[in-house]
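To start, the structure under review is shown below, and the notes come after it.
The first chain written gets the first letter, and so on, giving A, B and C; residue counts start at 1 in each chain.
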């Protein structure tokens, strides 16, 4: 039996999963919307992934904002943050890559790589301005389907300047521009451009962006944003067909590095898994603790700011 | 020798003083042009993303000047005495700029707590430029007298405007925002086209008349702004507060004053000069309110 | 009416401040409830949007204390906007309908002893000058001891054999501090715990990861405001160096900043609040071979925004990893942890690969 590995990347907007073999070839993959419920999203995702005949699952890695929770749920052997996973995933396909630009649902980041080692990184310091969530809420506001966003932007000849440093400003500005009667495509193009400018001025500030540059995360599927990255950086950024999967692939690769002979299974339906949030009254810190209950048994809790919270198990 | 003067920040407090000072010394001066898109873009490029719009503006003007002169004049103002401080940006501009650009900075420091006066600052400049003390002193006095005269004329005009029959709106904000081509000027033009008489907060002689609104205020420039309100509150019809995002002192002081105000006002905060998100509409409706009084 | 005093929370400094007020007045001292999401919600709702975060935190605490019966509020102050908080907070609270007296101890970054004495005299008219001076000095000593011990703990807590031992000892030291009456008593307690704390068994690897944390003072010192940064780092096994504490701010800063300025060749002036100090710390951390620097501040903190470019440049030139974090009232724990974890992972990777 050959070994294979599962990587799951649970973001705020979408949940991605891959199964890879020992040579890191993708055997199975899928992505679905998280819709604010990581547990059911992962259950659904796993049910669509299949382990090919002749393989056994030898490791599970989780990443993304709900990595801890899902890691516990799946019994993962590796739970790692998105930055490391994205870097590992990307380096597998582009070993020479020097810069990774990533814009996801709520976070955006830049990772600088030198000889295959992360030497520097940064994430958005302020709010969600300029991330995927921001783009999709603005697209709703102007009545454009998020999937048509990129192609609509490409048809614009005169992108409108939109203030995008702060969501509050951006929204009022957008409404204003729409009322002034600007063309939809120009507004959409303006938004795409402002996402890029905002990213380079905030996340990318002071970072040495060297080629080859790989652009990924959900927003990398937006050809409008890609266009302005190319235009402003005066280069051609690489967008892989699997760009949205890089985090999951990285998590799977990491789990392969730490794997043992243990065999994992993916039979999720029989497991009853739930989380309960409550305010810890153990000390007077009132932490919000998430308790994770598997088959009626409490298996872990987190969210506590002090040691006392762990006793609350 | 050619001294570059950025048309931003300090410029709006000292422009006449500087102009006449260098004129007397017969030193060539280049003032950066009115803020334009190129300058603003340069500012955004070189500054830290979280800096206030006015700082970015200043950095843009310096970026514009850096290859066009031998020195760039960048003062540092720490305080005008114990409870006359400036925003911390005025304390740090010199070092911030010095670490961004490789330029020759002509710098003087004002710190009255430490007895470093403006005159001493100008003498310092003279030393750096190799000009004798007596000559600098003469130039400084000449420039002081000349610039005071100009200010006096402007103040008188401002006071005269207070007697105008038109609706009068007091524009409260830092001069570097009010008079900037892209930040304040569009608002001034809008008001003028709506037949409003604008009263400028920096064109008064005030003597700490801010305590009607704030007793513990310790920023010199905010004191001046707020004192102007006390000076003319009974003779104006409304107030426009203009700030750049996210101005530290204004965020507190304007909020406090607004809470104590019994006149119509609007609070305008500008973050991005190219996309001012409906400021026009807000000004228009504000003027409507003022007109209906 | 009996006076009930309350002041905002910042780290463990509640202990010495309540000690001082309990000694020099006979007023009741209200221990503010711990900062929770509710505190922050209350604070943000009533604050102007673009004010820095400590304003919102302390305002929220005041509202909670007033609800609990406090009628005398004490605010400290600092060298930046912090010094001006009090006047607006006072107005906001009275607009909300609360009745109270409000005192600001430090204005414009100056701890003017005469002024503080005047304020305390107002709170307690029967105040004895000598007695109050005595307890003032005793409290200062207490703060100094506290900061010293905390400094040691920060450097070692990640490596203790028996988890939680150091903090447990520290907590009981604070409890005992509350009981002291004299310098002799204070010294006795301090030395007792110093010995105990230093004898806690440690497993410190030779090549451990050392991170310096710098930035804006309130966010550095109040764990709730920095998402428990120090605790997170401890869990990764990191030795922490933090320079900013009350001892430094109130008693050492005045002298040290001049020294720092002399040692910096890329900065000529003080840059407001602790901006220049943090540049010096950066230099120190680089020269002392630390593995990384975390610069943390509340959003809109003007002085710290000013030094970021300079610190970034210094770190780039010396290949020092640096992480800049801006916290706001809605900074999520998850996003925060991701940044710290990734920073740690990056440092670890760099270390492994030479």
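In the analysis below, a contact is a pair of C-beta atoms (placed from the backbone, for glycine too) under 8 Å apart; a residue touches a chain by one contact, two chains touch by 3 or more.
Only a predicted model underlies this, so the values are computations on that prediction, with no experimental measurement involved.
K.L.:
Give the chain pair, either B-C or A-B, that is connected by more C-beta contacts.
P.N.:
B-C
K.L.:
Report the chain whose CA-based centre is farthest from the CA-based centre of chain B.
P.N.:
It is A.
K.L.:
Taking the mean of the CA coordinates per chain, how far is chain B from chain C in Å?
P.N.:
35
K.L.:
Between chain A and chain B, what is the separation of their C-alpha centroids in Å?
P.N.:
The separation of the two C-alpha centroids amounts to 44 Å.
K.L.:
Hey, what residues on chain A touch two or more of the other chains?
P.N.:
125-126 - these are the residues of chain A that touch more than one other chain.
K.L.:
When you check chain B against every other chain, which residues touch at least two of them?
P.N.:
Expected reply: 48, 50, 245.
K.L.:
Residues of chain C touching 2+ other chains?
P.N.:
49, 299, 309, 313, 326
K.L.:
In the complex of these two chains, what residues of chain C are touching chain A?
P.N.:
Against chain A, chain C makes touches at 33-34, 36-38, 49, 163-164, 223-224, 228, 231, 299, 309, 312-313, 316, 319, 321, 323-326, 328, 330, 333-335, 337-339, 341-343, 345-346, 349-350, 353.
K.L.:
Looking at the complex, which residues from chain B come into contact with chain C?
P.N.:
Interface residues on chain B, with respect to chain C: 47-48, 50-52, 76, 78, 82-83, 85, 87-89, 91-92, 94-96, 98-100, 107, 109, 214-219, 245-249, 251-253, 255-256, 259-260, 269.
K.L.:
Taking the touch rule as given, give the residues of chain B at its contact with chain A in the complex, in rising order.
P.N.:
For this pair, the touching residues of chain B are 44-45, 48-50, 245, 271-272, 274-278, 281.
K.L.:
What residues of chain A sit close enough to touch chain C in their complex?
P.N.:
Of all residues in chain A, those touching chain C are 65-66, 80-84, 106-107, 117-123, 125-127, 168, 206, 284-286, 288, 303, 305-307.
K.L.:
In their shared complex, at which residues does chain C touch chain B?
P.N.:
The touching residues are 48-52, 55, 80-81, 83-88, 91-92, 95, 104, 107-108, 266-273, 275-276, 299-300, 302-303, 305-310, 313, 326.
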